[in-house]
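Below, chain A partners chain B and then partners chain C, in two separate complexes.
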Partner chain A sequence: MANTIFYLIAGIIICSAFLVVTLRNLFHCALFLALAMFGVSGVFLFLNFEFLAIVQVLIYVGAVTVLIIFGIMLTRNVMDDKTRVLNKQVFLAIIAAAAVMTISFSAVGKSVFFEGDHPTITMAETSAAPDPPKPSSLGQNDVYALGLELIRPEKGYAFSFEFVSVLLLSALVGAIVVARKEKS
Partner chain B sequence: MNSIPVLHFLYLSIILFSIGLFGVLIRKNAISVLMGVELMLNAVNINYLAFAKYWNWNTLTGPVFVVFVITIAAAEAAVALAIIISIYRQMKSTNVDEVHYLRG
Partner chain C sequence: MVHLIANLLQQALGAVGLSGFAFIINPIVSAVVMFGGISVFVMFLVWMERKVSAHMQSRIGPNRVGVFGLLQTVADALKLTTKEDIKPVHRDKIPYYIAPIIAFVATFAGMIVIPFDKGVSVQNLNIGILYVISITSFTVIAILSAGWSSNNKFALLGGFRSAAQIVSYEVPLVMSLVPVIMTAGTLNLNNVVEYQQKAGYWFVVPQFIAFLIFITSATAEANRAPFDIPEAESELIGGFHTEYSGVKFAMFFLGEYIAIIVSSAVAVTVFLGGWLPLPFLGSLPIPGFAWFVAKLLFVIYLIMAFRWTFPRLRVDQLMDFGWKVLIPISILNILITGFCILFFGKGV
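Our next item is the complex of A and B:
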């Protein structure tokens, strides 16, 4: 049952991703992008990372897709029906994407990690009540442990965390400065 | 029967990455190119989490990297859309083929 749901979600992701890159109407592309992001968050749920699944829905579906839709609306009159949406290098692009896919498939298939018995990801049995978080436990799906991992100084991620916050601030200021209308 | 081979997660990730790369290469509109990049970043996230789940080590490196990737993707989308809007004001077009101010 769980397997069926996973393959259903995978099919939804692949179909909507293909529609994102091939549809003419940019609005439909953005909406299918939101559907693909929902599917990816479902895959995160399958892997028992509930917090990251919620973050995925919040940021990608809630923020990035809305941002893209605003961008489409602000550059609206580019998309009349006559203009071509694809450029001239479609055949080269097909060759390149197929080559990347083939090489990755064969590389994954030949990898020494997957020799012998095929490793599987087992779904977690539903526990009745999760234990309250303890400071020493580093559970895989623990928001507490994730936050501790991010800011604890001896783990090495504290600097990256602070650096990412500076990056977000500079991206915010930079986006405002670049998109501001110049006084002429 | 409650288990899925980790290879299937990797296959899903490969297919999603290739579709995103295809979209980046074939589209003319800059916003479509941005959408293709977002698809590729999501493929990378699936890979990180599948490996983090499969190798049940006592570390959280995979989820931490996914947090960073999501953050940087959001910042990148904001800056890219600002640049696209700015280019649209100047050139009345968002086609990546026509923007060649920097061509030598």
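Our next item is the complex of A and C:
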């Protein structure tokens, strides 16, 4: 059962990701991008990581895809289905994609996963008579643990956290500079 | 009640030898019960909105069908479902068809985590507040798809305006909830109410500014007047749903009302103490559910009253108000709350 659900989600992600790069109507591509992102959040949910799943939806579906759709609608000639899918940079793109894939695969291969913490969807658990809802301890601790890891000065990710916030701040300032009207 | 039906159905499945599928019974029964309840409630709200607006304009409002015109909405709903479904010829077929469904499902899914009474919610998520915010953000995709696929300039303009508005007002909406989350130390809606019970005050007292920001942004998120520029009837005909009729329009309509219910329910839970009784009436034998609904109706009445109190904002005023007024105030509010927690403790 658990495997079936996983393969279903994975299938949706792969199919929609493929359609994102092959469809010729850019608006449809963006919609399938949203579906692919939603599928990824399904994988997070499947791994019992509620927080990441929700944040994935909030940021990638609710904000990033919407901005992409907004950009597509504001550019001309996208209503027709004549967008070229390939251009001269196709080989460079293949090399870049392969490089990214290699790096992420080797990174995932080196990660240490917690053992005995696999998601188990057992029939007995889910088909039992419904109890009054009680908070599962996992999700709450996830958020706390994540927050602690992010700000803990020693052995934590405080530096990366601050680095990313400086990066975002500079992006914000850059966006304002680009969008600002010239005074002349 | 829900559990009773679910148990019966599970036994029935077991009797025909399909007990392996019993695990899908609970979600389905919950969804059907929720859908029925919400639909009736929305019909009541439409009637209430017409009565409230009539009252504010010194009119009588619907009074022909049923007692006090209560069945007017039922008649309207029947009319909508039997209407001819008029579709533009050059529409973008699949997005046009899917948009109303997303608009409805996204808001309806937000109802799952709302605690109607102590321990009564379909799913008690630990990150309930975040869940509501993120799942309802799907509506903007529905509105953009609707505006785009209708192939109509008014619909497209409405879609644009809506995307800009919803993305902008989501920021103060989330930020207005942050002080409460900081004080209560939880993202679980049930625990937020329990914290208010223990603390002995509702968050609307210390966080009144946050409450105002939340209500304002929620009104904007639901595309309600005075923030209804995405559908502004007098300038855009109907905005993103110009080309929708019949059942598809009904789904957008339902989605909009459910969005109001969800936002108000979050406001009641987070700021007004959820199922807790009024401070001086705690000894009365009134169930928590009744208190919840009473507060819900009060907040919804506020949002309905806004519509007839304020004129519609212009697009640039809307953006200015969101980015230059609401967001700085909510950031300041977070900062001050942080200092208070640091120096005075949480007060409990």
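Just a few scattered comments:
Heads up, the rule we're going with is that the second predicted complex is superposed on the first by the 115 of 184 C-alpha atoms of A that agree within 3 Å, B and C clash if a C-alpha of one lies under 4 Å from a C-alpha of the other, contacts with A are read in each partner's own complex, and residues count from 1 in each chain.
Keep this in mind: contacts are C-beta pairs under 8 Å (C-beta built on N, C-alpha and C of every residue); 3 or more make two chains touch, one makes a residue touch a chain.
Source: prediction; values computed, not measured.
When both complexes are overlaid on chain A, the residue A:28 reaches chain C alone and has no touch with chain B. Of the two partner chains placed by superposition, only chain B is touched by A:87; chain C is not. When both complexes are overlaid on chain A, the residue A:55 reaches chain B and chain C alike.
Greater residue coverage of chain A by touch, when chain B is weighed against chain C, goes to B.
In the overlay built on the shared chain, the residue A:67 is in contact with chain B and with chain C.
Shared interface residues of chain A, touching chain B in one complex and chain C in the other, are 55, 63, 67, 70, 79, 123, 138, 140. Those residues of chain B whose C-beta lies close enough to touch chain A in the complex are 1-12, 14-23, 25-29, 31-32, 34-36, 38-39, 42, 45-46, 49-50, 52-54, 56, 58-60, 63-64, 66-68, 70-79, 81-86, 88-89, 93-95, 97.
On the chain A side of its complex with chain C, the touching residues are 25, 27-28, 31, 34, 50-51, 54-55, 57-58, 61-63, 65-67, 69-70, 73, 79, 123, 126-127, 129-130, 132-136, 138-140, 143.
Listing the residues of chain A that touch chain B in their complex gives 2-3, 6-7, 10, 13-14, 17-18, 20-21, 26, 29-30, 33, 36-37, 40, 43-44, 46-49, 52, 55-56, 59-60, 63-64, 67-68, 70-72, 74-75, 78-79, 83-87, 89-90, 92-94, 96-98, 100-101, 104-105, 108-109, 114, 118-123, 138, 140, 145-146, 149-150, 157, 160, 164, 167-168, 171-172, 174-176, 178-179, 181. Touching chain A in their complex are the following residues of chain C: 2-3, 6-7, 10, 19-20, 22-23, 25-26, 92, 94-95, 119-127, 130-131, 133-135, 137-138, 140-141, 144-145, 148, 151, 156, 159-160, 163-164, 167, 170, 186-188, 190-191.
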